[in-house]
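Below, each structure is written out as structure tokens.
Heads up, the next two complexes both have chain A, just with different partners, chain B and then chain C.
Moving on to the complex of A and B:
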């Protein structure tokens, strides 16, 4: 049943990605029309708008969540493709371990970056 | 088949030959035979064996699409040789090869043991706590027509291996359980007499179980009996996820009714004839 657990979370991660990517697309590409999360006007990626979003805890949590589910979804998908090559069980275990380490490493790095940027943005807002 | 005026056309049979004791690898040998309307590929192979090359080997039994023995690759399509007419699929040339995704025993004879081993591992039979009743039945189990309909189509499987040969996942992952065993698991999981789904989940939910299916759907397309294994696998996936999330309805298997002939008949049904045995 372990694989069932992985698969279920893979599906759930896909749904979360769908929602978060929707938020991302709206923020990045419809910012000029909606002005959602881009109160300074102009481009969504202008410094003022980025500082606005990075200073919000909601966005920092969202970035970390998106990073986590995207990494899990993508790396599990890669593992699935690799496992279809009829590998030896030892090689499969090694692949799982390497992907887990890579995933955790990238997640740690991304989380550190998101928190650091959040801290800088808050400091900038406070002046 | 007598070669007479009924002969419609000369067809070239490009047959894969392989004898593991003498050949390094499979090779193709061409036989030209007279074909008349209504002649099946199995008839053509018989013609070759009787008149051209008696060393050709293939597997067959019933000759009427019931036993599932003569599955082979005809013009690149896995199907039964006994219910495929030559003129329906060939104008001048016909390629005949053993089912892919299996080892070859000889010529057109695939080794189906790997499929049956996987099939056996999924407990393709009714599993119940009251095993004595299964082995020595003293009554009958009630099942409504709707409950029968839920799994009926999967019982039509004749284990010919065509779905396994067509499966692209099995082509790369030899340990993948494959469409036939997984459809058989679903057939028993849905059966209201059965209580073995959670036991089968260990296998169907394994690393090479139902979740490896890409839903290419080739298994359902080639099935000579019209079974839909791809659907069975998707239903299996759904039930596995629901079981993991503890959202699947827990139902006890249907209970035994009175012994045979002891049920109460509906009113206004005339009595049957006297028993003769």
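Moving on to the complex of A and C:
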């Protein structure tokens, strides 16, 4: 039953990612067509455009949300694939533990970075 | 509550990758996993690389390490993987929730398979993924400027 719950979360996370990563992909990789959230012109990944987005609370919040759901979706998906190799229970536990630590570690790093760059952009330290 | 009963994967990695004669949906599933693993690998690196900007390091802007053409190609591959994984993922969620598989019927010979019912959904999703990929390719080739 617990695995069914995790699997349902995995699917729900996929739907959330579809919207958030969809916006991210359109902004970052279709910028030449859409010109979304890139007021400085040029490439969407230019430092000026990055600073513009970093300064918006909307982006900080959605980056952190996307980070969390994408890490869960990706690492749970990897766990599911690995578990299909019919592993010993101890190995399965170890894999779950490692993936949890990696996920929490990267979530902490990404959250720290998103908040830090938001603070920097608001303060106008980098232009 | 009982846990889900799992079966031994006697085929090992071939059990993941082998599609045999299971039809195009089985190969779509294999590609879904491969693209998922590729996106995950990129995503884990992406978190670390983009977090560096908190220290003032922008490796992907003009003149940066990741602004070279070879990484542009890799970026397009990730974009293509995303296009496929996203649209095929929508199909999988719809099928998992019981949409687009038809109503249950009596198993009367010659048997009908629900795969025939859900095949149009696969085709529609692949067309949408191809359109998204084509628009992305137009942008990546620098034609949108």
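Criterion: the second predicted complex is superposed on the first by the 123 of 127 C-alpha atoms of A that agree within 3 Å, B and C clash if a C-alpha of one lies under 4 Å from a C-alpha of the other, contacts with A are read in each partner's own complex, and residues count from 1 in each chain.
In the analysis below, contacts are C-beta pairs under 8 Å (C-beta built on N, C-alpha and C of every residue); 3 or more make two chains touch, one makes a residue touch a chain.
What you see is a predicted model, and the numbers here were worked out from it, not measured in a lab.
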Next on the checklist: Looking at A:5 after the superposition, I want to know if it touches chain B, chain C, both of them or none. Which is it: first, second, both, neither?
Outcome noted: first
Next on the checklist: According to the stated criteria, A:29 is in contact with first (chain B), second (chain C), both, or neither; which is it?
Outcome noted: second
Item to check | Which of chain B and chain C A:70 touches, first, second, both or neither | outcome: second
Checklist outcome for this item: Larger residue footprint on chain A, choosing between chain B and chain C, goes to C
Checklist entry - If you stack the two complexes on chain A, which partner ends up touching A:84: first (chain B), second (chain C), both, or neither? => result both
Next on the checklist: If we overlay the two complexes on their shared chain A, which of chain B and chain C does A:47 touch? Say first, second, both or neither.
Outcome noted: second
Checklist entry - Looking at the overlay, does A:117 come into contact with chain B only (first), chain C only (second), both, or neither? => result second
Checklist entry - Once the shared chain is lined up, is A:92 touching chain B (first), chain C (second), both, or neither of them? => result first
Item to check | Common interface residues of chain A - those touching chain B in one complex and chain C in the other | outcome: 1, 3-4, 11, 83-86
Item to check | Residues of chain C that touch chain A when the two form their complex | outcome: 1-4, 6, 8-10, 12-13, 15-16, 33, 36-37, 39-40, 43-44, 47-48, 50-54, 56, 58, 60-62, 75, 79, 82, 86, 89-90, 93, 96, 135-136, 138-140, 142, 144-145
Checklist entry - Where on chain A is chain C touching in the complex? => result 1-4, 11, 14-15, 18, 21-22, 25, 29-33, 43, 45-47, 50, 54, 67, 70-71, 74-75, 77-78, 81, 83-86, 102, 106, 109-110, 112-113, 116-117, 120, 126
Checklist outcome for this item: Note: in the complex, chain B contacts chain A through residues 169, 172-176, 201-202, 205-209, 211-212, 237, 240-241, 243-245
Checklist outcome for this item: In the complex, chain A touches chain B at residues 1, 3-5, 7-8, 11, 80, 83-86, 92
